[in-house]
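One chain, chain A, links the two complexes that follow: it is found with chain B in the first and with chain C in the second.
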Partner chain A sequence: MSERSLIVPRRRLDRRRLRLGAAPRWISRLPALLWPLALPAIVLLGWQVATTRGWLAPQILPAPAAVVATLIDLARDGDITSNLAISLWRIVSGFAIGAGAGIVFGVALGVSPRLERFLGPSFRAVAQVPSLGWLPFLILIFGIGETLNYVIIAKACFVPVVLNTAGGIRNIPRQYLEVADAFRLTRTTRIFRLILPAALPQVFSGIRLALSHAWIALLVVEMLADTEGVGYMMTWGRTLFQIDVVLAGMVLIGIIGFVMDAGLRRAEKRLRRWVPADG
Partner chain B sequence: MIRIRQTLLAAAVAIGSVGVAAAAELPPVIHFAGVGSGFGLPFGQNTFAVAQVKGVMEAEFAGTDVRLDWGYFTGTGPAINEALANGQADFAQYGSIPNIIGYANGLPTRILLSYGGTNIFAVARKDLPIQSIKDLRGRKIAVQKATIIHWALLKALQANGLTERDVTIVDLKNPDTFAALAAGSIDAAFGASYILPLRDQGIVKVIYSTKDGGAQATGFGAIVVTDSFQKRYPEATQRVVDGLVKAGRFIGEDENREEVLRIWAKSGVPYEIIAEDFAGKPLRAQTNPLIDDFYLAQFRDAIEFEKQQKLIRRDVDLTAWLEPRYLADALKRLDLENFWPHRSADGLRQSAAN
Partner chain C sequence: MLAETSLDIRTVSKTYQVNDQALDVLRNIDFTVEPGEFVSIVGASGCGKSTLLRLIIGLDTEYHGDILLDGRRIDGPGADRSIVFQEHRLFPWLTVEQNVALGLDASDAPVAIRGQSVAEHIDLVRLAGFEKAYPHQLSGGMAQRAAIARALVNRPKILLLDEPLGALDSLTRAYLQDELLRIWRQQSVTVLMVTHDVEEAVYLSDKIVVMEPRPGRIAGIVPIDLDHQRERAAAGFIAHKERVLHLLNH
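Now for the complex of A and B:
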């Protein structure tokens, strides 16, 4: 017993020394931070080996350094910034339209069982057709132009937002609604003070899904029916048989998608903090 | 992976007996790639189509185990460049613009012969007051960029005192062009004869054709072979070129005209459209395979165009790219040296014409 009581403080001391010592905390977390980078490093190494050994012709797989050089070139010429600005503007506009309308429609479906029975099945059937499937038809209606981009992106956002909003509302615990009934809340108060906050986490999952759908839809429409934007930059690279431009586009898309998703994850975490745990 | 397989194969040949080496003179399969018309049919146009359908190429390899594989790519030039790069194609027949793009980016091809010219048309929406190229000022024109049609568009503008800054050029693929014209989101478009059915549907009117623009305005391309194939199989390469020249002779003989047009219609482009495309022109001149001064001048012009348009990042040494000896050999052996007209650089004068 006495021995143990001696040991414990020493351990505490050690721990304290670790914390106060020369090595800051992030060093001890370094392995954990580096772990997710291991796979990209292996892929990069394999890529480099494949190109230096000439396993694939440089016209098919250019060296990583060549792709980085192309990225820098494109950034310097302003190709990346102008195309990116165009693509991001399309995302923001299409997303605002699609997600905004999606929340309204989703709340309507979630709140009114009658509307759900009337519109729900048709909506779910139509939603099965992916954005790409709509493209030939929408090109005929809207022609080639910005309207087409906005419509396709808005459609891509609309569906997951509607489904998640309606689902989130349907999942609200019955007791909440019973309390609202007991208080005889008006419809407006019910929607804004109870239903929306309670459904918020799932609405937000819908929004996150919508943004990733929007990003995919944007690239598809840009690759097929646009003359500007990051997706078009890649198609153009393919046309010019400059695969380094295509790969540079892929790197860019990956980075932006990752940043957008990480941003939304963080926002979601923050939101969850002020939503009741069982909401 | 293809490289590894080829290296292994080469090693096996080197180690093997003389008999193995002799067998390696002919490849087991030869892949041909041409431009598809977008109808999903396993037939194309120009020289390849006749060499395939008339069995001319098969005859060249009769009695051997060589399999011939004809592919027509709807993705046109860019897809053909990719096929040449990954070993899906050994011989390819396609427009000079993607041709040059491939070569300038290090695709190891050699030019064997020409397949002749392609007529290019400009169409405008029927409801607009556009009667000629000059009326295109300030208009929105669709074209698939980095193709021979893009080149022809800029040539036509230039001949009419316009530059690309006077118009808005929209880069669209063919089906999208049709849709955009129908929806009214563009004013005009350039294309080969595949665009003419749109006129028959009453959507557009034809305002220009390279048939009125002279030889220099006409689209053109090359039949190429991958350098590795012609180095490894010179015998097979010669047989292929022989077959193509014989197909060219068949096309050029007036009595076959009707049959040739029918063969090209197998690509899915209606017969009437093809007949109109070539109306009033002898096929022999239209499908001249010669690498003469005119052809070289056209190719130099296209290279210059690509540099100006920043489609290529490097200069192209045309002389090093050409491999005319197979064609010269075939013409001599088949006694066809004077079958086709040899044209001067401006395309106006012809010598040794038949």
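Now for the complex of A and C:
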């Protein structure tokens, strides 16, 4: 909702400017495109000032330029690329398994009142235990190794997708369900032509939540129980007092996470082409 | 082709439990809809007319008495009945074509025949050219016509209309009333329509069932013995309207 309310005034602004016929489109759009960058610019400036004035020791907060230099160094050595490739593979496979299974189980819970009565409360209770709370137990079961990474990330993705999918299905307007009953829609049609499209917005918020949970799980498990990956690289940087490596890791994660989230938003928009353009 | 199905509603009563209290919604509803007839139910809100339609379509099967279709008691939704709701209730993520095809979902007709049937019925409601449009791209009247196509595409014997024109402006409404008459004749389907608009009921129906509220029961049944080219200003038309209004307000 919030992104829509942001977009609409921007479009109106565009049109007004276009009518004046003054500037080409991309120039008239420039302020809108720059606006989201204002806050990062301010933070970056404050960071630079803090380091040049020596408010914080460089061992604690290195200068932005030092972090960029480290990023470039790490990229040149292949340190970052290999660690990143490992982390991304863990995220993507854990996320695919967890979110995929989450949609299936979420649909089942949302569609079948009997299954909901039988499994719903237990699932909600177990879901209260954060993924990290599971870590010691899962280490005992799977040992320290690649399986543990996938299990913990998949589990972190599974829960929000299930809860949101089931919730989205429960919120489908009764009027539509009556149509499905009155026209005796088959089970397949019901799921693919009514339930999934109707629940799609909430399924997607579950999926996007899952992605951020996946990152949390990935970093923690890499920091605690792995010898490769971005999270491990950051812990290693911290123990060697190379805070620039830690910060470089944070910047990378931020950028990649942002790109993935933007990709998911795009995917959702494509899947919801039927939504009227102006809300 | 003539619709052969008659709908018998025999001493139907329906009670809801509200906070441990029995609330009579329908009491001893008793009337028959003959094959091919256009029957309207009029009544103030709260007289249970929409509840009665829900029972007939089979969305609710808990009631006393009998609702018989060709002598068989209704025990759920079926291919012989179809419904148009007050709001079009098209699925917003499906095109007109896909929405209309939902009406054939339960049928075992082969795909090619289905496609042809969908096209015919989109044509019937004069929406040709809008097959690929999404509901939000249609006006209220067009959306309701698509809903009518969805209801008719499986060739039901009885078409139930739950205030189908209630949400439309008066011009669209008058136009769609004539469209309903045309479709009814063309399809020779039996129609049972709920409305709160007396003039609409007199304009369209062979017979009007007047209901009164709390508990919902029949105040009287008015046969409309006018021919089917009806003039709203004609004396006979007004006389029938008066009779219905008198029953409503006695």
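Here, the second predicted complex is superposed on the first by the 251 of 279 C-alpha atoms of A that agree within 3 Å, B and C clash if a C-alpha of one lies under 4 Å from a C-alpha of the other, contacts with A are read in each partner's own complex, and residues count from 1 in each chain.
Keep this in mind: contacts are C-beta pairs under 8 Å (C-beta built on N, C-alpha and C of every residue); 3 or more make two chains touch, one makes a residue touch a chain.
Nothing here was measured: the structure is a model prediction, and the numbers come from that model.
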Answer with first, second, both or neither: which of chain B and chain C does A:241 touch in the superposed model? first
Please indicate which partner A:142 is in contact with in the superposed arrangement: first for chain B, second for chain C, both, or neither. first
In the overlay, work out which of chain B or chain C sits against more residues of chain A. B
Touched partner set for A:227, first chain B, second chain C, both or neither: first
Would you sort A:183 into first (chain B), second (chain C), both or neither based on which partner it touches? second
Taking the superposition as given, does A:175 touch the first partner, chain B, the second, chain C, both, or neither? second
One more residue to check, A:58. First (chain B), second (chain C), both or neither? first
Which of the residues in chain C come into contact with chain A in the complex? 57-59, 77-79, 82-83, 85, 87, 89, 91-94, 98, 102-103, 105-106, 134, 136-137, 150
Counting only contacts in the complex, chain A reaches chain B at residues 54-60, 136, 139-145, 224-225, 227, 232, 236, 238-242
Residues of chain A touching chain C in their complex? 175-176, 178-179, 181-186, 189, 193-194, 197-198, 200, 272, 274-276
Touching residues of chain B toward chain A in the complex: what are they? 1, 3-4, 77-78, 81-82, 85-86, 98, 101-102, 105-107, 145-146, 170-173, 175-176, 179-180, 182-186, 311-313
